[in-house]
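Chain nomenclature is as follows: A, B, C, D, E and F, assigned in order of appearance, with residue numbering initiated at 1 for each chain independently.
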Amino acid sequence: MKFDEAYSGNVFIKSHPVFEESEAVLYGMPMDWTVSFRPGSRFGPTRIREVSIGLEEYSPYLDRELEEVKFFDAGDIPLPFGNPQRSIDMIENFVDSLLDAGKFPMGMGGEHLVTWPVIKAMFKKYPDMAIIHMDAHTDLREDYEGEPLSHASIIRKSAELIGPKNVYSFGIRSGLKEEFQWARENGMHISKFEVLEPLKEVLPQLAGRPVYVTIDIDVLDPAHAPGTGTVDCGGITSKELLASIHEIARSEINVVGCDLVEVAPIYDPSEQTANTASKLIREMILGWVQKG
Amino acid sequence: MKFDEAYSGNVFIKSHPVFEESEAVLYGMPMDWTVSFRPGSRFGPTRIREVSIGLEEYSPYLDRELEEVKFFDAGDIPLPFGNPQRSIDMIENFVDSLLDAGKFPMGMGGEHLVTWPVIKAMFKKYPDMAIIHMDAHTDLREDYEGEPLSHASIIRKSAELIGPKNVYSFGIRSGLKEEFQWARENGMHISKFEVLEPLKEVLPQLAGRPVYVTIDIDVLDPAHAPGTGTVDCGGITSKELLASIHEIARSEINVVGCDLVEVAPIYDPSEQTANTASKLIREMILGWVQKG
Amino acid sequence: MKFDEAYSGNVFIKSHPVFEESEAVLYGMPMDWTVSFRPGSRFGPTRIREVSIGLEEYSPYLDRELEEVKFFDAGDIPLPFGNPQRSIDMIENFVDSLLDAGKFPMGMGGEHLVTWPVIKAMFKKYPDMAIIHMDAHTDLREDYEGEPLSHASIIRKSAELIGPKNVYSFGIRSGLKEEFQWARENGMHISKFEVLEPLKEVLPQLAGRPVYVTIDIDVLDPAHAPGTGTVDCGGITSKELLASIHEIARSEINVVGCDLVEVAPIYDPSEQTANTASKLIREMILGWVQKG
Amino acid sequence: MKFDEAYSGNVFIKSHPVFEESEAVLYGMPMDWTVSFRPGSRFGPTRIREVSIGLEEYSPYLDRELEEVKFFDAGDIPLPFGNPQRSIDMIENFVDSLLDAGKFPMGMGGEHLVTWPVIKAMFKKYPDMAIIHMDAHTDLREDYEGEPLSHASIIRKSAELIGPKNVYSFGIRSGLKEEFQWARENGMHISKFEVLEPLKEVLPQLAGRPVYVTIDIDVLDPAHAPGTGTVDCGGITSKELLASIHEIARSEINVVGCDLVEVAPIYDPSEQTANTASKLIREMILGWVQKG
Amino acid sequence: MKFDEAYSGNVFIKSHPVFEESEAVLYGMPMDWTVSFRPGSRFGPTRIREVSIGLEEYSPYLDRELEEVKFFDAGDIPLPFGNPQRSIDMIENFVDSLLDAGKFPMGMGGEHLVTWPVIKAMFKKYPDMAIIHMDAHTDLREDYEGEPLSHASIIRKSAELIGPKNVYSFGIRSGLKEEFQWARENGMHISKFEVLEPLKEVLPQLAGRPVYVTIDIDVLDPAHAPGTGTVDCGGITSKELLASIHEIARSEINVVGCDLVEVAPIYDPSEQTANTASKLIREMILGWVQKG
Amino acid sequence: MKFDEAYSGNVFIKSHPVFEESEAVLYGMPMDWTVSFRPGSRFGPTRIREVSIGLEEYSPYLDRELEEVKFFDAGDIPLPFGNPQRSIDMIENFVDSLLDAGKFPMGMGGEHLVTWPVIKAMFKKYPDMAIIHMDAHTDLREDYEGEPLSHASIIRKSAELIGPKNVYSFGIRSGLKEEFQWARENGMHISKFEVLEPLKEVLPQLAGRPVYVTIDIDVLDPAHAPGTGTVDCGGITSKELLASIHEIARSEINVVGCDLVEVAPIYDPSEQTANTASKLIREMILGWVQKG
């Protein structure tokens, strides 16, 4: 036994040990410094990996096994505490490098603001990209208490970058009146309350296009994901979210990257949210990588 | 800055600071002394206010904002510990005064017995009133262990006061055999297990009538409301409860008062139940006040 | 007052005090020593009994009361810690004796492996029996890390004993690829993801046959049963599981024994899973005993 | 294996199965209905028994084993919910019977009021008895909110019954100014803040006398007993409480009965308080029974 | 009953209702945005008030009652989320006004950085002031990750303002090597590990001087205060902290203001830390106000 | 930025990245399969690393910084679930290799049985070694329920291997009568209840000898370490344990290896035990490595 064999580490189950041989790269973005209500998502990626050892490697939904997809777990990007701007720059650089190396980026938050630099990096490579966004919240604020870099403005900034018409939000049940208005006036798609049925309608329109998918775990009802900063009742079930992931897997869109954000272990005493997140990530790996 | 400006206090988000200018009054009834199984709801109103700071003020369901309704948060009625009779008298006096002042009463429990004095006060003003009751439990006992003042007898006492034919219970999935029989024999309406669909049938029959709505949070499945004294599986989702609130908002009944009871923070480690309760109250404010 | 009157003990609510006069016998099998991920189910039976005092004795679903069925609570079988083989032998002996005495056996786990010796005992008495199995997991492994006695192999061993064609699994959403293959190749029935609808199709085929029903609480979604060792999102609701129990109660199959396993109190901070389990057991008692 | 052998039940570890052959009787008094702040102690006795399976039967402090003392676990007295007077009467009757049968009574609360009927029963048999009381609180109120039967008045009532000069309180760090005054004026002994050192001074004065010892778990600092209704910092360590129990064991007083009250499992997420209580009870059994 | 009588609100027990008539003012500073490890102290003041209802109003340590000191509970200063500079300015203004009005300021954090603006305000009024600081951490960093406004630099900034020789730290058990060096080289007092004994030596040196006392709840061992952001074992007991408060009360120093910071409810499942904080505040009110 | 720079991973804070350059090696032994009461320590090492990011790297006790000692974090040894014998063999091989490479072994459990193979490996290299053992429990059983490989027999087996006279246990407060007898009769040292004072007496006797130190976290009182399988009140404080570590650091014994075992995160809701363990490990690294 050699020492690097001994190391079981804390990586996602069945991740591939060699970066160069991998198709996809999983990475954590442990940042929660712009969160207004209940912080704690900085510990999300570590816990998701930890509980992933309880996962089966086979998906009876997709009839695939984790061994069929090579993904490297790059660990957490060492973001500097309390410094949103530098954190964002580091994430963008990191994803730039992944894309240069031809890898499929797969992020774990952290607060939702971590998606902003990823979108910036993706857009440089895929100028015709669209975004599928599943969330309880619009995240369309121009700023939050005067601060433009906020978890509440991530979709607004992204929409302004790639064009509101290219952004499709699902499951939304919370936001300012002005945010809904802005979306309507700028041609952005918002499906309120539901995910699966409206997604089935939208996916054919996106056939063949490169699409980045960002999932805020709070799109789930608090019954299904209590371990997150902003619980908001009236959400969808984990069954519907799984079905939505599978619907995308079966569609003709070209998923080019994705993330799952806002898992906060401290509000998750029985670890059900972390376990759910780890299964969602398995299905995203099995269903979305190699679709391009 | 003056000192009363400094005070952000612990009031429900966006409550109006002046009693006289308000249409509705929100108040807590922190009593749980007749609870048989798991007490703790006396701390419910305080926690619901505390987490309300995480709420958006806009409802995408009703397309209204909290600023459109003036409601005053009167805090908790200082009920004397362990004395159900005096507590009940204080609540009745309090609601009498609210009704005299022309306010819409909106209570937060506390155990379900707190609704009894409210009903007495309402009935004096609205002798033709009906009650819509959403709950896991019938609450139709004549007494509980020989004690007529009990959380398990609140609907029985109310039905005897205003007439069983004027009481409509929904979502019921627990009770004594005798309770269901009494309801049947006395013409009281009970919809077992479901809320939304039977409610749609009943609402037209109540058009134009003054109706008091009392919601026990345990009408929700424990998945959606673990933080309550008597969890009972097989309940409805928070989505169905929200839809039921909105169905009432869109109906032609005249809601004249309401309450939400039995939130118990100690069984709510991730605070999901308190968060859900605060959102339900927002929807009740936006949907039901000014309907009269 | 005599001393044995004083004793309220920790038995399931309304259990009958005399073994000889009882039709059914409820017993705990407090074993979790082969569990790979999150142990703790050894404390399940004790906690289920403890919270059963919060149950009503009447079922509005079945319109029956616990008093109508005489069941004896035999407590927990004193299984020797860390010794799966001897534990299994003790359980088999215990159930042999129950069957000799003409009792309906009703077990509470413990990990799922405890069902194996029960099946062995049942099969000696009912050589034409079938098994209905509700679970998130296939439990069809030939062995687990080389160990044939494992919670992950209980259905495989049972299927090999009574014939795979006599085993009907429902709600399955996790397992190895090989397990699903083995089931398919050997004519075993597996309904993936759903329980109620496929059960409605299967029950008529089993009319008149003796059937043992084993329920792993993790067939429920983690939202409905966080308190178990292996939470796996995408499961059914407690409403669907209750309806499935009632569907069996109304069917023409001959239930000859049953169990409910894998409740783990340490992951159940608000005790919702234990409460749900105690209600499920009430419905199983009221719906399945005396069906033979 | 016979069925009553199968039953491991939920009794205190190594309790003797036959009442008649036992010297001492352990019993639960699951009542918390007069508690003002945080109820929940009604579930204390059950949980203490449950965790007692983790105890060694040997005490290295006293060099004795549980097998050397025959004690019967009578379970919980089935107290009627919400009825303090009838509960108190039942407890008094129960202890009367124990004393008639020559047994050493050993109670587990429940709130501290349960000690009142025990004292009444003891005093009938031992008119020259003294009380040793360890607690954070004086419990000397004449009434609580007008109610004379209260957990806050138990020592006052006892002192009035047996004479204040016969009551010795230790570890007290909370109470009304009037309570301390009453004690002073009536010759009752109160040691503030400390237990062990003042106890060493008092014990010789009580040599040869029959003494009842009542321990409220909150005499411990919240660090050592978070799982109780009224946590009050500045308390003693579990080491000091153990040493105090052993000091009594080595003294020449004649312990004639004892109790341990106010363990509330809901505030005890890691079960440390219940575990501590079960060890304290083991030491009380080994140190105090047979001392008479 | 009038409506402002009805309001029991969420204020510290026995606080005086009228600002103008009060000697001291209690206020919350709900900020935790510069916290590096485990945030959550923004909810501290609210929870401390909530549990204060379980406190006795009499201190047997000081033989005084809360009624003897008039203190007004001003609620929480409505600090703008995520903006340390503006938050600090608001706190400074608030305390300026308190001092103008001749009130004794008594703050509740929030993270320790909230003490910085208070010191600035105090120093304007008391240029000869000293600081007594009880904490697990030095808090002497020049900056934290380049950010000078940090919970880790509060004592450094204060020492630079009022002179390091006027700052006395106690109970310190964590910090950078450079921080201890800086203290040594600049004549600042640091007592490592202990509080009470070194305090007894220091207090006579400060006789007659105006002193501000700031207590970080983490000076307590995690056993006594698990509910804080940075738990660090090897700390003092709540008994020692109480004794230290009383030692100051009996000394001849002139306490001119004080605070207690870093209570974080989310890490405090049994609420022991919040309860301890509320008792400490009672003792600070009874012992320190009116000492000047 | 390169990808292996990006990886912050889940390693102990300030661990050295290169095995070859390190003096000491930290490794996890995630096994709990022979635990009788409350399992869960298999997750201990991962959680200890996770919270280590909250540690300062400087020890004010020892005036040393983590940078002064090069230690490599080898992660967890991938022990095969449920197979004690193979797990033990893997650990022994692993430590053999460490010793061959001249490294100081530093283990994290897992249950206490993991120390057995470490002792076997150490003894091959240091035939004159002694063991210092801090624990609540004797761990001197010959077997447990007939099983010689058990967490309850680890010290017995070790004493039989290296000679009972070379084993020194401290803080013991639980065990069978026979275990204490065996120790006495075989010349093994047991200090009951206390650690620091008896350690001061023993250390001079061991001057110059190679000593392995094994610490079971339950030597601490449950107040200081609730997060472990077998909590047992009456233990020492974290202050005393820190002082004992420092006493060893200052002594003339030659520490040649060490471990800290039995941290179980599931019983540690506020993570205080994991935080305490991480600080203890820092002090063990700073105080014991390089002592040889």
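Criterion: a contact is a pair of C-beta atoms (placed from the backbone, for glycine too) under 8 Å apart; a residue touches a chain by one contact, two chains touch by 3 or more.
The chain lineup, named per UniProt: A, B, C, D, E, F = Agmatinase.
Note that this is a predicted model, so its numbers are computed, not measured.
Steps from subunit D to subunit F, taking the shortest chain of touch contacts, total 1. Bringing subunit A onto subunit B by least-squares fit of CA atoms involves turning it by 120°, to the nearest 5. Where subunit E touches subunit F, the two copies mostly use different residue numbers: shared numbers make up under half of all numbers in play. Centre to centre, using the average C-alpha position, subunit B and subunit E are separated by 40 Å. Centroids of subunit D and subunit E (each the mean of its C-alpha atoms) stand 38 Å apart.
Across the assembly, subunit C contributes residues 38, 221, 223-224, 267, 269 that each touch 2 or more other chains. On the subunit A side of its complex with subunit C, the touching residues are 53-54, 56-58, 60-61, 63, 65, 221, 223-224, 237-239, 242, 269-272, 275-276, 279-280.
Within the complex formed with subunit F, the subunit A residues making contact are 1, 3, 6-10, 19, 25, 27, 30, 43, 46, 49-50, 72, 74-78, 90, 93-94, 97, 269. Listed in rising order, the residues of subunit F touching subunit D in the complex are 37-38, 172-177, 180, 192-193, 221-224, 226-227, 230-235, 267-269.
The touching residues of subunit C, when paired with subunit F in their complex, are 32-34, 36, 38-40, 80-83, 144-147, 150, 266-267.
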